[in-house]
Amino acid sequence: MTTPQVPDPATLAPSEEYDLYFGPNHPGIEGNYSVRVRLKGDVICQAVADGGYLHRGFEKIMEDRLWVQNIALVPRICVPDPVPMEESYARAVEMIGGLEVPLRAQWIRVLMLELSRICAHLFTFGGNAATIGLYTNMFWGVTMRDLFLDIFEEITGARIYHIYITPGGVRRDLPEGVLERIEALLVELEERMPQFEDLFFNNAVVIDRATGTGRMSAEEALAWGVTGPNLRATGVASDVRRDDPYLVYPQVDFDIVTETGGDALARMMVRKGEVVQAVKIVRQAIAALRKVGGPVRCELPNPLAWDLPAGDAYARTESSKGELGFYIVSNGGPRPYRVHVRGASSMHAVQVLEKLLVGSRIEDVAQIMFSLDACPPEVDR
Amino acid sequence: MRLLADIVLMPLIAFITGLFLVLMYRRVRAKIERRVGPPFFQPVYDIVKLFAKKTQISHGVMHDLSIVLLLGGYITAEIFLPVPGFKGLAEEGDLLTLIYIMMVPMLGLALGVGSCANPNGSIGISRALTAMLAYDVPLAVAIIGATMTYGTTNLVEIVRIQQEGGMATWGIATMPLLAIGGYLAVHGMFGKEPFEIYIAPAEIATGPMVEMSGKYMGALFIMQCFQLYTIGVLYVTLFLGGGENWPLFLIKVAAVVFISVAVTNVYGRYRTDKVVRWMWKWPTGIALLGLALVMAK
Amino acid sequence: MTDKPLKSHVRPPQDTMPGGAGQGCPAPDAQTRSIWRRIMDDFADHCRARSLFVLHYCTGCGAIELPPTITSRFDMERVGITPMVTPRQADILLITGYLSLKTLKRVILSYEQMQGPKYVLGFGSCTINGGMYWNSYATMKRLDQYIPTDLFIAGCMPRPEAVQQVLLKLIEDIDAGRANAWQDYYRNYDFYLGNQQRLFGAGWNTPTDVIGEARHYGYYGPGTEGEHTRLLAEGGGSAARLAHAEYPSTALTGRIKS
Amino acid sequence: MSIPARLNEVLNELPAIQARPAGARRVRVDVAPQGLPALLELLKGRLGFIHLSAISCVDWIEDGQFELVYHVWSHEMKLLVSCHVRIAREPGVYVSVHDIHEPAGFFERDIHEMFGVHFDGAPSMEKFILTSWEGPPPMRKDFNTRKHVEETFEWVDYRPDWLKDIERKGGGIES
């Protein structure tokens, strides 16, 4: 390690500004991430995001593994919302290999994606409330999410990393009776939503804290490359599921939830609306799965000697954080030649966060970060 | 000799009651969050564990001294409180002395945290002093109103007046507006949401506590016990007729704390400026109205 | 523990290691303690085991299973385990999964700031042997080389039940006075520092004076000082140096106006 | 699948451009390095390709080239255009498109860090993720992560008794 030149503090000009480190070891930071803010009094005049604490070099180690081995690796890129990762990887491989996904598998994937969206949003509700000291909401939200993890466990055998969606379909069919249990759970969720509503969205303190916090306009959001719920909170009805549809989403009936505030409150309102929409989509998927039969996976060659044809593909998915992109290049070999992951948070966890923090105050740093739903692992990869 | 026994016993009883209050606080919180909560001896375990730490970091003399001020302030305050069966110094001191002594711990903490050189601590303590400034105004108004009603600042006298006349002469009956304003100020004094911005973990990593470890942290835990008890007793003395006997007295103190800890769990925390504005608007306004009524009588 | 000698140097003999022979409280050993002292120690251990503060540091993906463990469904406060915010206040450092080298530095800093007795739990396969990321250039492979680890949880990722089980095991160990891995950091500081230096370079330095603490608290052992700690003295480094090495050029080096 | 006429019209205005459809709502455009900024500018101004989804870099080490892929999306046309550019691997310098698409700043910084490609005019070329890394840019094909790991880290020698028993009988997991 080279010895850097450290200026002696005594030689510096006196200043009214000082630095504060948010993270990586800080409860107000989402995941393992850091934001260094320069403050003047309570007001932030400069913010520098510092990532890489969760860097594992996914893109590199995926080049070192077989196409099937990577299925186990991809969900780990984004921890709170892993299913879109599996879906994007699988679809990019399908686009290169020209694989046809059976209809039943497509519906199952939609079901999984939307359940995962509900989970991720419930988690964000909790996290966002905890940043302003409303821990009760966090306890309730995380526990509610846990019931959904049980469904995942029943379907896939794992709570978090399902490794369920494979190129060409899904790993196995749904177990007996799980559709009924999902329906029962959705009813329970709908019963509990008013409680969250009362506790969070109708709470005077939350409204006071969240209104106007981290506000951005639609023009700014579009120019900064913001996607997903954060963009929709500024009033732009953009959704990959609708604009660049994949799977059976063209057949699914759902609304794009938008708000006009563009602040922390609006972002959480959009997420609340999306949970409602996700419930609607899951119900449609359940109805369809009752009718559609057939295989859940297309025929694949021996996975250990599977050479994908040369080519490249860019798959986009609407994850709970925004637009998720997988760019995969194959050179005709048994391993990917290059995988590039465009993490859904890569914009709003770095550049946008840095911009929004300037002018806000210390107490809002955590709230802005959580309301943007920044997911550091997919930025660091 | 009697005084010596009181000086030892009164803080001890305060500490033990405080442990129960802390336990209640944590249990209530757990129930609202739909979980089981800590075991019965948890507050004791925490404190013993913290004092039994084998390594310890100190940040200088001021840091050590702050703990003395912190605990000393509260232990002194206990002796001035009028509780059933003990005389202590309640007769000699009065309300103003008590309020004055109760400010010492916070100032002591400020001194100690200042020597830690952790910016989170400094921000936290400046917020804490601001919050103190905020809730002291309605509290002062309530206390002025109370002294005017009772015609004395002697705490024993105040308790006697209320107990002789029965429930109708309790402060809460004779000056309800002051009682409400005072209660809101007391809620701020407890340092719970929505007025706990100065320890906000998500913002400044628990502020003043950020550099406290082992025995220092243990002292803060003990301080929390004293704090809940002292503030509860102060309110009971002023507005709820003081203690006729120990069971009734403890029920009253627990009730004061209970309402506060039950309410706190459904709120987030206000920003510092909002805390000041809110405190100077609602509780102060209500208390001033109460004061006007008292003066009109 | 490996049978194979490490590349840099050989670890000290087994009996100075955690769980090996001759472990116990440092100054007066188990035999010579007075009855009073023994009762006090047992009582302290009893309380320590029932009041554990976990450092709130989400080092890796395992952090996603901590909220379920702490919240209403599994409720760890039942056995006295609560999350705490800063390393100063915490007892348990829960390493939730892989550590990138950048995080490992912070973890070591956090660990040294914690007050003993402190416990480290390795969570997930990645802390044991690299796990999923065995061929990744960016993550460390064995946690116990860099900080002494009390217990490991296998799995990727371990379920909340597994986390609970390991915490209960830790409680059992503390109760029996066995969870003393933290003393190993003082006794064999040279070993840990050597491994840290191999990753971070010879100039690696932390603000905590571990050797001084070891002397002061009576944990000084034959492995406390060695060839690696000598490099520390040569570097004469400071905390400021470390902080600025991580944040080059645009360093926002202001000073609070006094 | 064909290229929409409006897009074709714009593409025809620029020299040395090859375009072909690449799946549903995907168009692949190959462009010479000097033509890319103009292409992005035109796409953004005329057809509403305002969303830069990602910039990917591929290391074609055998050709001695880096391939940069700019994925731009038009909310109006509902179309993703991937603009492929190949630049020389040495010295690996290209221009920043930060002035056209603001998100480019993040991706260029990332590529600089992972591949060592320098972007002229980018707002920041500082390290973001690999601040503790002193080796070569790790995503380059000539960096072997497995070899690096073998040299840097130690493994736990996991050899339980039952495995030793099996090995004594001539079995085992190592060939």
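As written, the chains take the letters A, B, C and D, and residue 1 is the first residue of each chain.
Going forward, a residue touches a chain if its C-beta (ideal position, glycine included) is under 8 Å from a C-beta of that chain, and two chains touch if they have at least 3 such contacts.
Computed from a prediction, not measured in an experiment: that's the story for all the values here.
Q: Would you identify the chain whose Cα-based centre sits farthest away from the centre of chain B?
A: Farthest by centroid: D.
Q: Can you check how far apart chain B and chain C are, centre to centre, with Cα atoms defining each centre and the answer in Å?
A: Taking the average C-alpha coordinate of chain B and of chain C, the gap between them is 37 Å.
Q: Quick one: chain A and chain D, Cα centre-to-centre, how many Å?
A: For chain A versus chain D, the centre distance works out to 21 Å.
Q: Mind checking the centre-to-centre distance between chain A and chain B? Centres are C-alpha means, answer in whole Å.
A: Inter-chain centre distance comes to 43 Å.
Q: Using mean CA coordinates as chain centres, what's the gap between chain B and chain D in Å?
A: Each chain's C-alpha centroid was found; their separation is 60 Å.
Q: Among the residues of chain A, pick out those that touch two or more other chains and give their numbers.
A: In chain A, the residues touching two or more other chains are 18-19, 27, 50, 52, 55, 57, 60-61, 64, 139-140, 143, 380.
Q: Of all the residues in chain D, which ones touch at least 2 other chains?
A: If we look for residues of chain D contacting two or more partner chains, we find 130-132, 138, 143, 145-146.
Q: For chain B, which residues are shared contacts with two or more other chains?
A: In chain B, 33-35, 201, 205 touch at least two other chains.
Q: Tell me the shape of the graph of touching chains, choosing from line, ring, star, complete and other.
A: Graph shape, chains as nodes and touching pairs as edges: none of the named types, so other.
Q: Under the stated contact criterion, what part of chain D meets chain A in this complex?
A: Interface residues on the chain D side: 22-23, 25-26, 50-54, 56-59, 69, 71, 73, 75, 78, 80, 82, 101-103, 105-107, 114, 128-132, 138-139, 143, 145-146.
Q: Residue numbers of chain C touching chain A in their complex, please.
A: 55-61, 63-65, 67-68, 71-73, 83, 85-87, 98, 100, 102-103, 106, 110, 132-133, 135-139, 156-157, 159, 200-204, 240-241, 244-245, 247-248, 250, 252-258
Q: For the complex, which residues does chain C have touching chain D?
A: 2-4, 6-7, 101-102, 105, 128-130, 134-138, 140-142, 145, 198-201, 246-250
Q: Quick one: which bits of chain A touch chain C in the complex? Just the residue numbers, please.
A: Residues of chain A touching chain C: 1-4, 6-7, 9, 12-19, 24-25, 27, 31-32, 36, 38, 46, 48, 50, 52-57, 60-61, 64, 72-73, 76, 79-80, 123, 126, 138-140, 142-143, 145-146, 149, 159-161, 377, 380.
Q: Can you check the complex and tell me which residues of chain C touch chain B?
A: So the residues of chain C in touch with chain B come to 43-44, 47-48, 50-51, 56, 71-73, 75, 77-80, 85-86, 88-89, 91, 113, 115-117, 213, 217.
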